[in-house]
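You will see chain A twice below: alongside chain B first, and alongside chain C after that.
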Partner chain A sequence: MSNAVSALPGAAHAGIASVTEMGLQGMVTLRGDHAEIAAAVKKVAKQDLPGQRRINGGLGKGVAWMSPDELLILCAYEDAASIVEKLDKELKDAHHLAANVSDARAVFAVEGPAAREVIAKLCPVDMAVFEDGEIRRTRMAQVPAAFWMAGPDTIHVVCFRSVARYVFDLLATSAAEGSGPGFF
Partner chain B sequence: MLLLTCPNCGVAAEETELAPGGEAHLKRVGPGSEDADFEGYLFLRKNPKGVHFERWRHANGCGKWFHAARCTVTLEVFGTYSAQTTEPPKDILLKIDDKRPGWRG
Partner chain C sequence: MSTRLKSGGRLIDRSETLKFQWNDKWLRGHPGDTLASALLANDQTLVGRSFKYHRPRGIVASGVEEPNALVGLGKGAKFEPNQRATTAELFDGLIAESQNHWPSLEFDIGAVNALVPKLFPAGFYYKTFIHPRAFWKHVFEPVIRKAAGLGKAPKDRDADRYEHFYAFCDVLVVGGGVAGLNAALQAAKEGKRVLVLEQTPHWGGRSPVDGGTVDGKPVADWINDTVEALERMDNVRMRRRCMAAGIYDHGYVIGYERLTDHAPAKQGPRHRLWRIRAGHVVTATGAIERPLSFAGNDIPGVMLASAVRDYIVDYGVSPGDRVVVVTNNDDAYRTALAVREAGLVVPAIVDARPEANGALPQAARAAGIMVKTGTGIAKVQGGKRVTGVELCAQAGEGATLETLPCDAIAMSGGWSPVVHLWSHTGGKLTWDAERAFFAPDPSRAPVGHDGAPSVSVVGAAAGDLTLPAILDGAEAPEETPLRPVWMMPEGASADKRLKMWLDYQNDVKVSDVQLAAQEGYESVEHTKRYTTLGMATDQGKLSNINGLAVLSDALGQPIPQTGTTTFRPPYTPISMGAIAGEARGEIFQPLRRTPIHSRHEAAGAHWEPVGHWRRPYCFPKAGESHRDAVNREINATRSGVGLLDASTLGKILVKGPDAGQFMDMLYTNMMSSLKPGKCRYGLMCSENGFLMDDGVVVRLDDDTFLAHTTTGGADRIHAHMEEWLQTEWWDWKVYTANVTEQWAQIGVVGPKARAVLEKLGGMDVSAETLPFMTYAEGTLGGFDARVFRISFSGELSFEIAVPASQGLAFWDALAEAGAEFGITPYGTEALHVMRAEKGFIMIGDETDGTVIPQDLGLDWAISKKKDDYIGKRAQERSHMTDPERWKLVGLETLDGSVLPDGSYAVADGTNANGQGAVQGRVTSTYYSPTLGRGIAMGLVLHGPDRMDEEIAFNTVSGGTVKAKIVNAVFYDPEGEKQNV
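And now, the complex of A and B:
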């Protein structure tokens, strides 16, 4: 067995907000007609189908709406493979694709009262009206990323593993001490 | 700055979140066609000053294609609509009639 490691184990930064790499996280991409896959998601991931751009739950246990034919299931890292297996079994008669993408992603937490400002500096998203339970796929400087509110002052950011260092450095720079615009 | 609302995910996306796909509603000219028609299909595009129908992809977002009707002069957006169609929807055409009388030329 190989020893799985996350993209930037232990990476952390403290400034106007803290930026922390969240370690290994389980993620399963599920594509298919939402109406057809809802029952399987309920049974396997124990989650209701999220509405447009909504996320139910969060890291370790959740489901996020990614596009009209795509969901992202969040689970424990060790469980991703078995969730794919169970989904494939449940959906054997439906046109679908379930894939374990855990090792293709990196996850960061941005935490602190200025968390929204750290994100607002990097993404074309109006963070003043960004709600709990909403997931936003967007552009973070030069790469795609997605994030949601994991608490009143906590934002979880997901990006591709190949750009993990870039995204961490971006977030750390954006969270540099003394750089808060104090807008929100 | 151009803001287009993606009909697939509902986000009012800023231009840098999108990838342009060029002129919309092209009709493919295939095997057996005249060379001139094929050349037109491959290379000739409208470049209007005013109303234009375009394809866009929400690349840094939901990843889906959609259509947009906009004015190339003012960047006014008349509407966005599904990619799964070969012509602009009636309501958007009527809206453009209203705002740019005579645009159909």
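And now, the complex of A and C:
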């Protein structure tokens, strides 16, 4: 969609870690009994059901566990609407809710050896033991956020679109030069 | 005089000299100095004035317990008051100033208070400044506040940044002395994740000064080896300059790390607040030495014995050439030996005990130091500094037997374990009568969720005051028991007790505590507040135990019966900046922006905060007042077309086979009967029947509803829905999703609204295809659009939702297409005025948590057919059906003026409280440019039955304004304009 722009196109900051806005990303919220929706998820999103607080895949192609009756499907921005359609079709006899939430979100990458420390300044999460394949829905300073490891030194952060500036500023402030706690 | 010794000082680097400023005077120190040691090295024994009497105050201690040496540090945006000189590390260019004196530190007019201390006994303020009552606020308090107070509040905005850090560990060790390091090593060897916090810049605590050996080697070697071993372990993290400020439930501990206070040129945050979750906490917080209560014990030059040897050994600073040591225990003999070793004179060790034959006293005698047992201090000579000491028999009343000239006194009344952190979450204490201190009782430890102890205590903090008691293989001279001494001499006369300071900072004396007891104060908590003992910034670290011992004695009861006051975090004051963390400036609070925010900003919007959102209140043009802008926006909308960013409206999807049933319970109206493609306005009430939210519900398909909520209601109503679904109706097949931010929503409002949309093209928006209160999906001008024909203004109106990412482009497209029709962006105030002209209620104006829909004449929106909805039963209660409840009406002033907001309708007589009676109040009031007069809505007693009656409303300036009761719908009462 040529008219579509992400919350903070091109926003970037460099410090003890880099912070970069990731542009438009496809996201679909899927609520339903995990056992009942697993097959449709496999068929439509090509992903296995993730376990509790786990994520399979990542941005553009992945599925994340959100709650005992909610998943987040990650896809290309352009594909979100058709994935909702396909899920609705596959699950027409199962009680579920699928909604395109791609535009409700902003996504940032925090990258560098101190990426974990940047997050640990803002989120009450034990980043020392946070592993690849885990996702955490949590609080980032004063707003909700979710994140997962997208590489050994890369963390992808999802927040609501309206607070994209706030979250970017939080991450950039926390990544200021000379501010690394050197804890991990 | 105090001075720098020619040699010694294990912590300082003599090869380098630092310059620092003290009250505009440049002085010199060395790296490794504290401000306190550097001041002493410059013979600056007088460092401040006390709170009440403005008595001269000198440095007493060498650590966090310091009550006197509070100074202002830094300048301008870096200024911070009430900083302890004993914990402030010296750096080149440090600027410090003394506090609480006028006109100067050396000459203080307030000190006249001290000439007549009998005028200021305990509870003096309470007793004296009672009558006349009005004098307290206007005369007594301002004068007292000016005379009292410590540091000045900073005037400039803080230049530094701060941050938080969340850390997790299995074992948190608080204190990096020998006991703490040993505990850390044990836990680390078990493979646990260990974090060690040490409040000072140095590992090892007191041991390097106090001496002793471990496995035949100096204890300092053991400390170095252990620190190195710990630093090599992957599972151990160590932090210096990081104080554990408080322990809370569930292993939560606050740490306070000072990163750049000692090195202001360093990059990064000044302080870091550690928010730690620990599986288990070990407190190794050491012990604090107690002062002795003798007459004149507050004169500069009287110091704790441990502090005297710290300054000599750590900093190579002598507090005086002739140091008299006064003690009730063996430990203070270490100070005498250290003084002697530094080549200075100890005229005598004054020991209150009848005899002193332990290893340390023997060593002192062997060194040729005179030991006077059974002796006490009758009186300290001197004013701004110690000049001598008069000795007496400890057992007597204080007749002077002998006078010794000296310039420093090192006192020790024994040691008190630092039990603060142990006590924060409920750890209990036991009085150890033999050693005269409160120590943690391991059988009554703080417990965690599982009932097991969550905190344990080691080292001096546990009462193990000697090295061999802490560490296997350690050796140190054996110490003989102390003798508790709470007053010196035992039978001191009243005039002596008037000069025995317990609390140096707040000027509380032995006589004050005794007076409180005499006046009937029995509880230690009450006595604390009455006398202000322990209420200063040091929270009584030196004074508490002495004070409660004096109180116990005065009450004739044992010390444990008196007990301690409550220990509360933080252990020592922490900065407000650290508590705020990153939350300042731009990120003080999250600011929510709609996708169109930047366009509003560029258009010069005047903002209104709505929750965390910023919404344009109006769009003033150059030179235009806000009111004029609002009027222009309304006129343009009603005569042409207006544009509203309504993206902040809550949008919640409700889907499932039981969605209709669920919506019927949530709303007072019938929602299950709504046909797909149709919209219906609905009301939501709380369980107690009060109106809590409203909005338009759209049925998207058989299974799916879209519930619009108020801007502020989105998260709250979504949570409300989930709560009912998860706790009460868990077996209903309904899912909800808050999709508020998925959509940018724009209102195109006014008689020319349809023309604008037709120009964009792509969807049939005619009255036939898309009648009032319906909705359609399609592509509008190339945008993926959901078009709702709903109106909050009374005009022909379309609310169009597009994906948020397209919102900005869609706004621009509407502005461009609407240009030929004079399309005018309008803000929240125009929205409010237009809805009021139509008599539409606003949640938060017409409602305040006490209003039910029936009060607002909204009975039409309450289904009579439904068995139940949330709030139904509450609305049947007698008070809710009371005909005396005030009801909504319109109000028109007779003179056309705008009624004051919140104004009350006055009635005859008075109410039960003797106040003027009232019969109604204004809920919304505006100037209506459409009608050219003030309009208002209000709740009025029997209002709907009193049409055309005139009632009076009070005004802010006094007097009243007359208004006529009218229909609340001022504009287009037939609703013809919105339905075209």
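To be clear about the criterion, the second predicted complex is superposed on the first by the 182 of 184 C-alpha atoms of A that agree within 3 Å, B and C clash if a C-alpha of one lies under 4 Å from a C-alpha of the other, contacts with A are read in each partner's own complex, and residues count from 1 in each chain.
Simple rule for what comes next: contacts are C-beta pairs under 8 Å (C-beta built on N, C-alpha and C of every residue); 3 or more make two chains touch, one makes a residue touch a chain.
Since the model is a prediction, treat every value here as computed from it, not as a measurement.
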- So, does A:71 touch the first partner chain B, the second partner chain C, both, or neither? neither
- For A:122, decide between first (touching chain B), second (touching chain C), both and neither. second
- Message: Looking at A:53, would you say it contacts chain B, chain C, both, or neither? Reply first, second, both or neither.
- Response: first
- Item | Winner by number of chain A residues touched, once chain B and chain C are compared | C
- Task: Applying the touch criterion given at the start, work out whether A:37 contacts chain B, chain C, both or neither, answering first, second, both or neither.
- Result: neither
- With the two structures laid over each other on chain A, which partner does A:24 touch: chain B (first), chain C (second), both, or neither? second
- Task: Quick one: classify A:138 as touching chain B (first), chain C (second), both or neither.
- Result: first
- Message: Contact-wise, after the overlay, does A:114 reach chain B, chain C, both or neither (first, second, both, neither)?
- Response: neither
- Query: Is A:158 contacted by the first partner chain B, the second partner chain C, both or neither?
  - Reply: neither
- Residues on chain A lying within both footprints (that of chain B and that of chain C): 124
- Query: Can you list the residues on chain B that touch chain A in the complex?
  - Reply: 8-11, 13-14, 16-17, 59-64
- Message: For a test of understanding, state which residues of chain C touch chain A in their complex under the given definition.
- Response: 161, 163-168, 193, 237, 266-269, 272, 275, 277, 581-583, 586-587, 589-595, 612-613, 653, 655-657, 733, 735-737, 739-743, 782-784, 803-806, 808-810
- Tell me, which parts of chain A touch chain C in their complex? 1, 3-7, 24, 29, 31-32, 69, 95-97, 99-105, 117, 120-129, 141-143, 160-166, 169-170, 173-174, 176-181, 183
- Message: Which stretch or stretches of chain A touch chain B in the complex?
- Response: 52-53, 66-68, 70, 124, 136-139, 144
